[in-house]
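What follows is subunit A paired twice: with subunit B in the first complex and subunit C in the second.
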Partner chain A sequence: MPLEACSISLNEQLPQPGALLAAGFYTDAPWFDAVSRFIRSLFDSRFDSADCVLWGAVGLGIACGMLGAFVVLRRQSLLGDAIGHAVLPGVVGGFLAAGSKSTPALLLGALLAGLAAAGVIALLQRTTVLKSSECMGVVFTGFYAIGIVMIKRLQNNQTPGQAGLERFLFGQIVGISLSDVILIGAITAGAGLCVWVFWRTLAVSSFDHEFALSTGVRAITIELLLTTLLTVAIVAGIQAVGVVLVAALLVTPAATAYLLTDRLHRMVILSAALGAIAGAVGIVLSIALARPGKDMPTGATIVFTAGVLFGLVFLVAPSHGVLPRVMRLINKRHRTAAENLLRTIYLTIERRGSDVDRRFGIDDIAAVRHEQPAFVRRMARHAARRGWVDAGSADPVILTDLGLAEAKRVVRNHRLWELFLTQQANLAADHVHADAEYIEHVLPRPVVEQLERMLDQPAEDPHGKAIPT
Partner chain B sequence: MEVHDLTVSYHRRPVLWNVDLAVPAGTLVGIVGPNGAGKSTLIKAVMGLLPLSSGWVQVFGSPIDTMRKKVAYVPQRESVDWTFPVTAMDVVLMGRFGHVRWWQRIGRHDREIARESLAKVGMLGFADRQISNLSGGQQQRVFLARALAQQSDLYLMDEPFAGVDAATESAIMTLLQELRTAGKTVLVVHHDLQTAEQYFDMLILLNMRLVAFGPTAEVFTPTLLQQTYGGRLTILSEVADAVARAERGEKETLRNGITTPEKL
Partner chain C sequence: MFESLHNIFILPWQDARLVFWPLILQGMLVSCALGLLGCFLVVRGMSLLGDALSHAVLPGIVIGFLVANHFGTASLHSPWILVGATAMGLVAAVLVELVRKQSRVKEDASLGIVFTTLFAFGVILVSRYAGQADLDPGCVLYGNIEYFTSLDGSLPDGVIPMAVILSLLVLGIIVFYRPLLITTFDPSLAVSVGIAVGVAHYGLMTALSLTIVASFEAVGAILAVGLLIVPGATARLWTDKLGRMLWFTVAFSIVSTLAGYWLSHRSNLNSSAGACIAAAGFGMFVVSWLIAPHAGLLSRWLVRRRLRRKIELENLIKTIGELTPVAANPPAVDAEALRRELHFTPGQLRRVLDRATTAGLLETSAAGITLTTTGKARQQRLAHAHLAWEAYLQEHLGLPADHVHDAAEWIEHYLHTDKLAAIAPATEPR
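Showing the complex of A and B:
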């Protein structure tokens, strides 16, 4: 469906570039000049169009980010997309009713259309065998198509004052007025107040709907509250990002926040903050990419920014990020290599019958392990980095006290696990070594203690070797 | 708790027919029956989570809506998303939400009750854990702690023993017996016939209709169990389908024809 929308924008010149340029940011000068003028006029003492644009975008980002957290947690992202598209005929209807593009009229129309669409979707779900995604698919594309037809009719008939309605497709916030900003601020504050007052209801019903109902929360209350809040956020968001992309402003910052935290209140605050950042950066990007007479839809740049933020977090988030996970995997591989070296050293100590001589030749270790000396040297470097062998001596390797203790721990894990497998899992003694080779590196301390209790503080492994303490 | 002539339907298809029950206070009751017998449906209907096609439910002599503070419901563990960003403590505190008016904050008193509830299920040490970092048995204990925090007189639990380890199962059982000793009424949907006999004072045998209800010693008999599990209620299912079709305004053709027991 974005294709239909594109065809409208691409086939025709923007009808009234003057209105968009009124903000004064698009000029012949290079892009950084426009951006620097925009940023400078944020910091002068006047509250002018630059401040309107910025605060408008930030307010929308906060409202959508905050409510988006609940949309994501309730797995209702598709509903956000559906309502986003479905508000388009309401925008045009609001224009027809008011006879002008007055923001409150357009937003009221959008609100009514959004709620109507949500109502029709709920009705279809209840009365047919169709699943929710099909119901949404049918309804929102239908509403959206009606909206496109209405806009096109108005354009073809040259209806006075209609120019610029397509801004609601992709969003263009540059040029909004102070009263619009105040309206956006009121919507954001109202949504924030609602979330604060109904926090417990939202939290419990998002986590466990049936439990919430069992404590006396009414299903209709939750449904109405959330659908209304969702629609209001979308309606507020369409000025900046347009009906096509507004779902992204709900979902992307919230999904980003979900990767960063596992507490609900932090997620909501983070999501709102990320929405605000995406809004502000997206505006600057839009101004930088615009050319004289040709604007760049802020919807695209804001959602693009939100997407970049998500990508960054996906890569580097402390617990869920890809890079930290890869780092931990690599670290674990190195640690395993070092632990294997220690185990081989410990076996050598056992053969020697004494740990007085702490020197072990690389070639000897390599021979025992059936590995190349170069590989053993790498293992030794990983062990040296952990302080298990003396860092000053490459060959022979010199075991430190810390290294000896660690070697005992690893061998102990290995032999405890072998014993567990033979005694409690009834495996034959010749089946257990390979398993223990791996398990010795991952056994957590509490599990080791549990094994000790279960095996009654054993002294020998199934092969008759002493379990070191 | 009293249930009279209760019929419940999903999408207009009756799944529970004309159930009559009067559970005395202070008993530990097991609800057993095969898959699709309507066990979960029964307790959801009692909680008022499902519309009733007929009949009524009373709890302590009043409709459920006026008695919600006295009734705690424990849903199936699989019914929620455990990656939800809350801690074990947050979940247990949800048990207090029904006791706090919407303008009031959760107070120190509520936190104290939540902490005690966590301690009773042996989970106090995990209070600040995010719930996805808990094992299945620990998650089930958190659900039970939430119910305890509600300080109710009637507890309805949907498969609290499903997928838990042996230690959790015996801990839960001890807890249920303590509740009963304290004079509370506990209804438990239970899947395991082997333990049902020793766990519960009374049993509800269910298979789309009430097969039997009474003290375990009286109803845990081969005949009644055979009626509950053995006799396939093909007729009842077919009639339920017919009711659903009629109610939905669909064509009155039998899809497969009635499968009589002789054909099986």
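Showing the complex of A and C:
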């Protein structure tokens, strides 16, 4: 399959580190030397290219992270990618209008094309059956194709000064200049101000669009506000750092923050901070890991850093992470096993008629439960870890006072539930055991109290057994 | 006149130096294969997955290249690249599902994260391990159908593999049409009748990565996404049936390929047929958006205008009825009084009166306006519908009598004879 011209050239889409390294930050010395030189250069008296790159990336990370929080909540995460590509015909239009590649003309053209694309997307959503993702896909590829056709036309006509116009989308973060940094700073401040002023509107409409409309907020106002802010940030971002980096900075930090908190204001702040961190860490890493002949592309490193950061948070985030969730699940399973052991023990106590002898043989329990003794031993270990049985004795199992109380609680839950099902849900007495078997482990205290009140502090379950207190 | 039309539309196809049919064939194969897959993405609401995969396969391409290099075939034509890219496409699809299912992050964000990160990983791999292979940067951005070909009449390199992929796709769609249809529109039903929904999803993803990678060289990454989504979305505007949508898509793909070639030769854009095809496809989408039979803006506007005119007319007739005292031979109604009552502008009133007169519903004389027999019948039916609905709301929904007028005012225009018959027996107008 001939992929010759395609495969390798993709790196054009993300900026290369060349300029920064050529500027003297790369050495043969160990990587911390290169990094420390970079960091020292940030704090020397003059504001040089290293400062520009760092502050450019950090500023963009803050702006994109902040706006990205709303984009992610509104499920429009790919809007950055879409608008980023759709600005191309505007760039060419700006060039044609100005007659040269003057930055303000290109930016203005890009801004207009971006807004036009967002407008067409919104119009398509309202007037067709197509879903929002289709509208985005159609519009951005269409605009992009028109832009490419325009560029090719200029190239074929050998219009003077057009060379490199197509690179507008692919930015060079290491070629970022002081004026770029100032622009990014101004946009970050402006976006921050807008978010602060329109906080309520943005927050309400991001979570509950219909409710926002019912309170008298005009849908068009919110859309226009957010889209304009986004387009401005995207346009400023792509000419500095490229489409893919902007698209990533809009989504990844915000989604990472979304996994870490349930409060919008924390999410916005966290997302901005994560964007800034990804920018800074990415730049430092790209310097640190570069070797002769083995460049570390700066933009790609920033994107990758943000992605890895998300991956970590995805795994370990306290309440929404995968590992804590798995841990909670395992813990729950162990607890259920231990509680089942306690219930069997309690039934044995009931048969014996007294709880004076707290010793129970593993084999006896296994016989009652119809389970392997090895399995019962594992249950006993889970119970011992919770202090319900004596950790010192594996066989026989010795019930502690805490264990006895816990056993009573579990049996009580079980029998209350059986009673509830027979009395209130009209189930037959021989149909309720399996359900109670499951529910006894998950009944919270307030529900148990409610059941007691509802059933009028019962003494016996439907099978005539005493409900322990 | 005909001379110039001939020059514009016919001549380009006759000049053997400009038209190279194998290239057009390649363009058609690429756009049909992408378009057919795109149909399923569009109806499944996963359009942007194509965008994501087209970026996410990059590390696969680089790894495939490195593996090929390791085995001594230092060529970029190696099948390893296709294998690597397809595998990476599947990995991306799995990661997207994983993030979506295992966290609260929604699908769109999950796509955005996975594709940017994998793409960045690919770029890092390229610059660290394959940096020497410095090739035309234009290709992946714009694609270049004519890049690999000479005009000696031989087939372009991409044609045979693309033809194989397209035949496999068509075969797959024919054989698995039913399972694909069911998993697309009713995944729960699919599960209950024993269709492996996951297999269908990942099968589609495999086909998608393979096709996207194979079409890169012809049209480039972004434009491939255009060819993927646009024909399907266009077809979606023309029909609601999946089967017809597939046919429409094939037709749109072929027409936009031809139009794209025509455009590229017409404007001397010899090297960017891919972009021209995508632009032509977008043009067809915009045209469809305007004129498609039910979903098009034009037909929607016409439907609305007809409805608006009907309501205007009926309000006019009703108001004439209200302003006319009940008598055997009622006096004519003054036009100015009518206008004030209806809040019409003079021009609007004139237009509505004209339409009503043409329809034979009323007569205008020097004394004023009177309803004809047809007009009276229409007015009575409206009044009947209004009263019937009011009574229906009061009796069956228990609404208070002073709450039913507005609803009836609105529904009277829509309540046709058959529906009226369903309501009226239970509730005689009072």
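In this text, the second predicted complex is superposed on the first by the 340 of 469 C-alpha atoms of A that agree within 3 Å, B and C clash if a C-alpha of one lies under 4 Å from a C-alpha of the other, contacts with A are read in each partner's own complex, and residues count from 1 in each chain.
Basically, a contact is a pair of C-beta atoms (placed from the backbone, for glycine too) under 8 Å apart; a residue touches a chain by one contact, two chains touch by 3 or more.
None of these values were measured; they are calculated from a predicted model.
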{"item": "Subunit B versus subunit C as contact partner of A:Phe314, first or second or both or neither", "value": "second"}
{"item": "Contacts of A:Thr344 with subunit B and subunit C, given as first, second, both or neither", "value": "neither"}
{"item": "Which of subunit B and subunit C A:Tyr258 touches, first, second, both or neither", "value": "both"}
{"item": "First (subunit B), second (subunit C), both or neither touched by A:Thr227", "value": "neither"}
{"item": "Touching partner for A:Ala247 - first (subunit B), second (subunit C), both, neither", "value": "second"}
{"item": "Contacts of A:Arg200 with subunit B and subunit C, given as first, second, both or neither", "value": "first"}
{"item": "Touched partner set for A:Gln239, first subunit B, second subunit C, both or neither", "value": "neither"}
{"item": "Which of subunit B and subunit C A:Thr298 touches, first, second, both or neither", "value": "neither"}
{"item": "Superposed model, subunit A: greater residue contact from subunit B or subunit C", "value": "C"}
{"item": "Partner chain in contact with A:Asn413 - subunit B first, subunit C second, else both or neither", "value": "neither"}
{"item": "Intersection of subunit A interface sets (partners subunit B, subunit C)", "value": "75, 258"}
{"item": "Interfacial residue positions of subunit B with respect to subunit A in the complex", "value": "44, 47-49, 65, 68, 71-73, 75, 79-81, 84-87, 90-91, 94, 97-98, 100, 102, 106, 130, 132, 146, 150"}
{"item": "Sites on subunit A touched by subunit C in the complex", "value": "1-14, 16, 72, 75-78, 80-81, 85, 124, 127-131, 133-134, 136-138, 141-146, 148-149, 152-153, 156, 166, 244, 247-248, 250-252, 254-255, 258-259, 293-297, 299-304, 306-308, 310-311, 314, 320-322"}
{"item": "Of subunit A, residues touching subunit B in the complex", "value": "73, 75, 197-198, 200-201, 203-204, 206-208, 210-211, 213-216, 258, 261-264, 266-267"}
{"item": "Touching residues on subunit C, where the partner in the complex is subunit A", "value": "42, 45-48, 50-51, 55, 58, 61-62, 65, 76-79, 81-82, 99, 102-106, 108-113, 116-117, 119-124, 126-131, 133-142, 144, 147-148, 157-158, 161, 213-214, 216-217, 220-223, 225-226, 228-230, 233, 236-237, 263, 267-272, 275-276, 278-279, 281-282, 285-286, 289, 295, 297, 300"}
